[in-house]
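Labels run A, B, C and D following the written order; every chain starts at residue 1.
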Amino acid sequence: MKRRVGILTGGGDAPGLNAVIRAFVKYGIRRFGWEIVGVEDSFNGLLDAPRRLQLMTLRSCQGLLHRGGTVLGTTNRGDPFDFPGPNGTRSDRSGDVAQAVADEGLSGLVCIGGDGTQAISLRLMEECGVPVVGVPKTIDNDLSATDATFGFHSAVEVATDALDRLHTTAESHERVMFLEVMGRDAGHIALSAGLAGGADVILLPEIPWDPDRVAEKVRARQRIGRLFSIVVVAEGALPMGADVGSPSERKARLKRGGGAAQIAMATLEGRVDAEMRSTVLGHLQRGGSPIAFDRILATRFGVAAADLVAANRWGEMVRVWNDEVDGVPIRDAIRTYRLVDIDGQLVRAARATGIELGSA
Amino acid sequence: MKRRVGILTGGGDAPGLNAVIRAFVKYGIRRFGWEIVGVEDSFNGLLDAPRRLQLMTLRSCQGLLHRGGTVLGTTNRGDPFDFPGPNGTRSDRSGDVAQAVADEGLSGLVCIGGDGTQAISLRLMEECGVPVVGVPKTIDNDLSATDATFGFHSAVEVATDALDRLHTTAESHERVMFLEVMGRDAGHIALSAGLAGGADVILLPEIPWDPDRVAEKVRARQRIGRLFSIVVVAEGALPMGADVGSPSERKARLKRGGGAAQIAMATLEGRVDAEMRSTVLGHLQRGGSPIAFDRILATRFGVAAADLVAANRWGEMVRVWNDEVDGVPIRDAIRTYRLVDIDGQLVRAARATGIELGSA
Amino acid sequence: MKRRVGILTGGGDAPGLNAVIRAFVKYGIRRFGWEIVGVEDSFNGLLDAPRRLQLMTLRSCQGLLHRGGTVLGTTNRGDPFDFPGPNGTRSDRSGDVAQAVADEGLSGLVCIGGDGTQAISLRLMEECGVPVVGVPKTIDNDLSATDATFGFHSAVEVATDALDRLHTTAESHERVMFLEVMGRDAGHIALSAGLAGGADVILLPEIPWDPDRVAEKVRARQRIGRLFSIVVVAEGALPMGADVGSPSERKARLKRGGGAAQIAMATLEGRVDAEMRSTVLGHLQRGGSPIAFDRILATRFGVAAADLVAANRWGEMVRVWNDEVDGVPIRDAIRTYRLVDIDGQLVRAARATGIELGSA
Amino acid sequence: MKRRVGILTGGGDAPGLNAVIRAFVKYGIRRFGWEIVGVEDSFNGLLDAPRRLQLMTLRSCQGLLHRGGTVLGTTNRGDPFDFPGPNGTRSDRSGDVAQAVADEGLSGLVCIGGDGTQAISLRLMEECGVPVVGVPKTIDNDLSATDATFGFHSAVEVATDALDRLHTTAESHERVMFLEVMGRDAGHIALSAGLAGGADVILLPEIPWDPDRVAEKVRARQRIGRLFSIVVVAEGALPMGADVGSPSERKARLKRGGGAAQIAMATLEGRVDAEMRSTVLGHLQRGGSPIAFDRILATRFGVAAADLVAANRWGEMVRVWNDEVDGVPIRDAIRTYRLVDIDGQLVRAARATGIELGSA
């Protein structure tokens, strides 16, 4: 009988998810002869098995490589260990997930997802005996266990393209233009896009920014006849001494989007004499076709995940390290974040080319 | 002595402004041997003449064809007939403009701009004797005197690309995604982008929309398993019976951006059971390189403007009509807007392909 | 019983074919309640009915709007009136086509295709009694019965983007760069892309070009320090007095691609002192996602085709005329080509901005 | 007196050259207070000094970041050590270069270029005492002294986009489509683009390919109903046992372009039953705006080059190694090529996802 393996995607989508699925399915079927079961909407699909499972075939891989989003869906109704029921009740449904895996005869699950998804999959393995292999996904590129994650470079490209567009219109109008990009805790997208898009100011979550420095940068440009400025703001960036609010207030503000740009505009109001406008990229950064870099990395991740499954290296997560893709224990990989290194070369390059970061 | 002609750009920028300038300068110099003077920042540059005038050469045209924005700038400090002075005073500076035209020996001015710019240029001609030729510019494509204006198709392309991106991420997350696009009074961009980007709902300024119809569309999709919906909202679109607010409130809301999407989300909240997110394209629609269509139209407008100047057909504005570019009296062209024809073929095509417009 | 209607695509593919299919299917099902049958690979699918017919559903329309190519395929094994059989024999299979239409209970066929496809469909109607409705498709935009066809603007965009790329590299290297684009008899793509991409020379099938004029243009640029030149060549463009060769030689040369650019390079060799390089865009012009303009036009064509079917206006072809889409007898529409008007405004605009067309 | 430093670009252009120049100039002026002199057209500009030198200012950096090509030009009339003179004579002009450097008071030269440029600059330093700092440039990414070079990822993106386009049209027409991409000795672009673009076959210079394996791949696809195939061919890829020709014949063939695709088509003719078409990307891969990745790497290289100059670390070349940019002796860096590792992970990923490489 054919080995059966499940695959699912969890958390926010990132360009390249479908490329991981495609590579895993093609390689799993052609090389190992597996039957591969796509689980819809993260672990939720297992709670509705078999209705929300789909058999993945070579045919279902056609056209997936360049397609954004995830064909498996990723709408999470909740953590199976603390699952929402009727009337606000919550219950532990992890046993149902494990039972569905057993009922479906799955050898294990390949879980493509961020930190939350990986943590759940690790618990499923350790507490419920569900064999899992992880594939990391964070569009923010903030996981220290891997040198890179797919989706990040595509998001940077979208943000850079937006900066190119804003440049022409800002220049015509002598305005200060704010572009808010993703990055709640880590400012990698803001830093990379700001460098690539020629921003004048980059505001990062890692650096509480000094309004006077930023205002002075805008004025210094005005003094030499550059009457517009472009400011990239990570969604988690705040001025020095700002009141973050309670965790739930912060979360609500981040979910709504646009908050960081609004705070930046309000803070600079009065300090600089220029019209200001903001654009919030939001979900445009997640959508669309992945760039080549991400398609290749995602393909390598999908192949490596199949190799881990074939070798029964359950409990490991694929990652890329010194340009080689290998496996690392999920336990060691989760909850280890990588923030922007504020003494690193990228930050130095930003300062060297005259970009103001809001601090000395 | 060479004939000298001035050229300026006014109002919001639109992709293609530089292509008009380039064509006018190349043709004016090569064919007619003129000396062409670029006036910076609309009529304002004439108030600071000769400091803010620049001699346009064949060399200054290099690389202009595909460049967004306008090299002449378009920051308007005010209508010369009602110009802001110190301490909130206002004065009529139109005489200074006319004097600068005379002092510089300009035969006339080519004014590329929207309705406001054309109205001022007409007054300058009629009241102050400044010969003018107009080139229409409205990214909203809402001028009835011309079949088309440059910039519109580029803006539609940007909005359509955004819809393509939102589709993949919306599909992965089962969300209602709102995309707010330009269009304060006329919804041409929303309608075209919505058709091209496969929107499920398009909300136009021309059609006060019925929240129940829109909610039903989202629910009908959910019933057949399409758990996401894409809503394109023109910035001037409002639900039936909404309080528009005073003209100044409306203007402030439109200037801030995002208001139409927020109102739409708030209105649907409670009517549909789905997460909702909004993206506001804002200035991304104005920026960047024009698409081929707009570069060609802008080039034709620039050539036609030079022909009008050469024929001393002052007081006329170029336009395209039945695919021929010609001149029409500015007086007849301004203040004649074209809204979306709600019984027209585009609206019919939208309904025919299942797009909900919020009205029967 | 539901009415059944067939739809097929024939000839070379063009961006927008899927958008026509999608609009026809969505409107046909939702508004008229038809059962719609997709015929694979032009009329050939009917010779292999029912194996090569597919039922089109709302679900099969998902994702079609922005997808290049045609999901129905367009590989033509031959004209059904002169169909290739074994051992080089040919036979009239039109009766089999008509029989298949009858056997499948199709009320008629919607045939999306070029001149050849429309001519065959007209014969099928007149000689075999198969009701047909036509939708024109010519990426070259050379059909005089319609103001525009979908796909053309997308092809122009691809060619313009290629010109933008060539500019930067040509400028760095002081080369004469040739870009061969589609256009065997009509040079619309070359003319539009050349205008939009800032070509220095455009060579059209409509204008046998004078090598001395072209060489002088390159040299004149060199004299003023512009050491590179960009030449757009339509695949059917030839220098004055060139030997076209026999019709079959010409056809073979055009099929192979690159011939027009090679001839141009060989002709200029010795006349100008510069390195020369050529790029042949070929099928890149047909592929990829249609731009918004083409998606909208294709959608309108699909809707209009359904309206013609619903009104039993068989024998008509949809077209756009003065911005309105309507129907016109196929008989009147075919074999009426539109070449570039060499005295028209686009050619004038090209000359006015200094583009050499190889003739006075 | 201000320190004066020269900067030049040599060899074929690559996206990102201008970003290196910009970063070097901005940092050099703002941080170190240098006067920076741009040398036109590689070392040639020094032979025509001071006419072909341009003072680089902060203003000359405006808009450079995203601009393709190089504003300094790179047309090489010849190696200064073996410079072509009248009547086919050749002479050593290296002394003139050194004299010009001295006359202009340049502390040294920053030479951005490939292997040839770096070798010349090293000789200039060692034999003529001209202080140099190198910045590597190879769009083929085939230099082993650095983990990455700018331009490569942009070229891969262009080629991947072309593959996306070819897919839709190939699928519609049941054809074998060949795409020839850059890569004379190293197939990195072909491999990466083929992986990212979902090629069916990738032919590399590193692997003499077996026509029977390639033909069988096409036929195997046909047997399962996939009637088209996409073949990516590096320009240096040849079938097993092919006659490469003399070095000068090979060079001429490579310069002309399209040879590898033609040989591939001719070789498969008769082995597979399908129409075949080829597209040669050529200079489109070099042109256009660099993607964000390349803009950032180029910016880091420009900053690092200035740091090397400031530290008088003449004779070194910047490179990136384990994600850190540093300097390495030019002597150690040149003539050390990196070919595709045919046992490496990228090749494995290609095979794992079913891509045929023409060898076991």
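Brief remarks on what is shown
Here is the rule we use: a contact is a pair of C-beta atoms (placed from the backbone, for glycine too) under 8 Å apart; a residue touches a chain by one contact, two chains touch by 3 or more.
In this text, all values refer to a predicted model and were calculated from it rather than measured experimentally.
Shared contact partners of chain C and chain D are absent; no chain touches both.
Among the remaining chains, not one touches chain A and also chain B. Distance from the chain A centre to the chain D centre is 31 Å, each centre being the mean of its Cα atoms.
Mean C-alpha positions place chain B and chain D at a centre distance of 41 Å.
Along chain C, residues 164 each make contact with two or more other chains.
In the complex of the two chains, the chain C residues touching chain D come out as 9, 12-13, 17, 67-70, 73-75, 158, 161-162, 164-174, 177, 227, 257-258, 277-284, 286-288.
Those residues of chain A lying in contact with chain D across their complex are 22-23, 26-27, 30-31, 65-66, 147, 153, 156-157, 160, 164, 192-193, 195-198, 289, 291-293, 295-296, 299-300, 303, 306, 322-325, 345-346, 348-349, 352-354.
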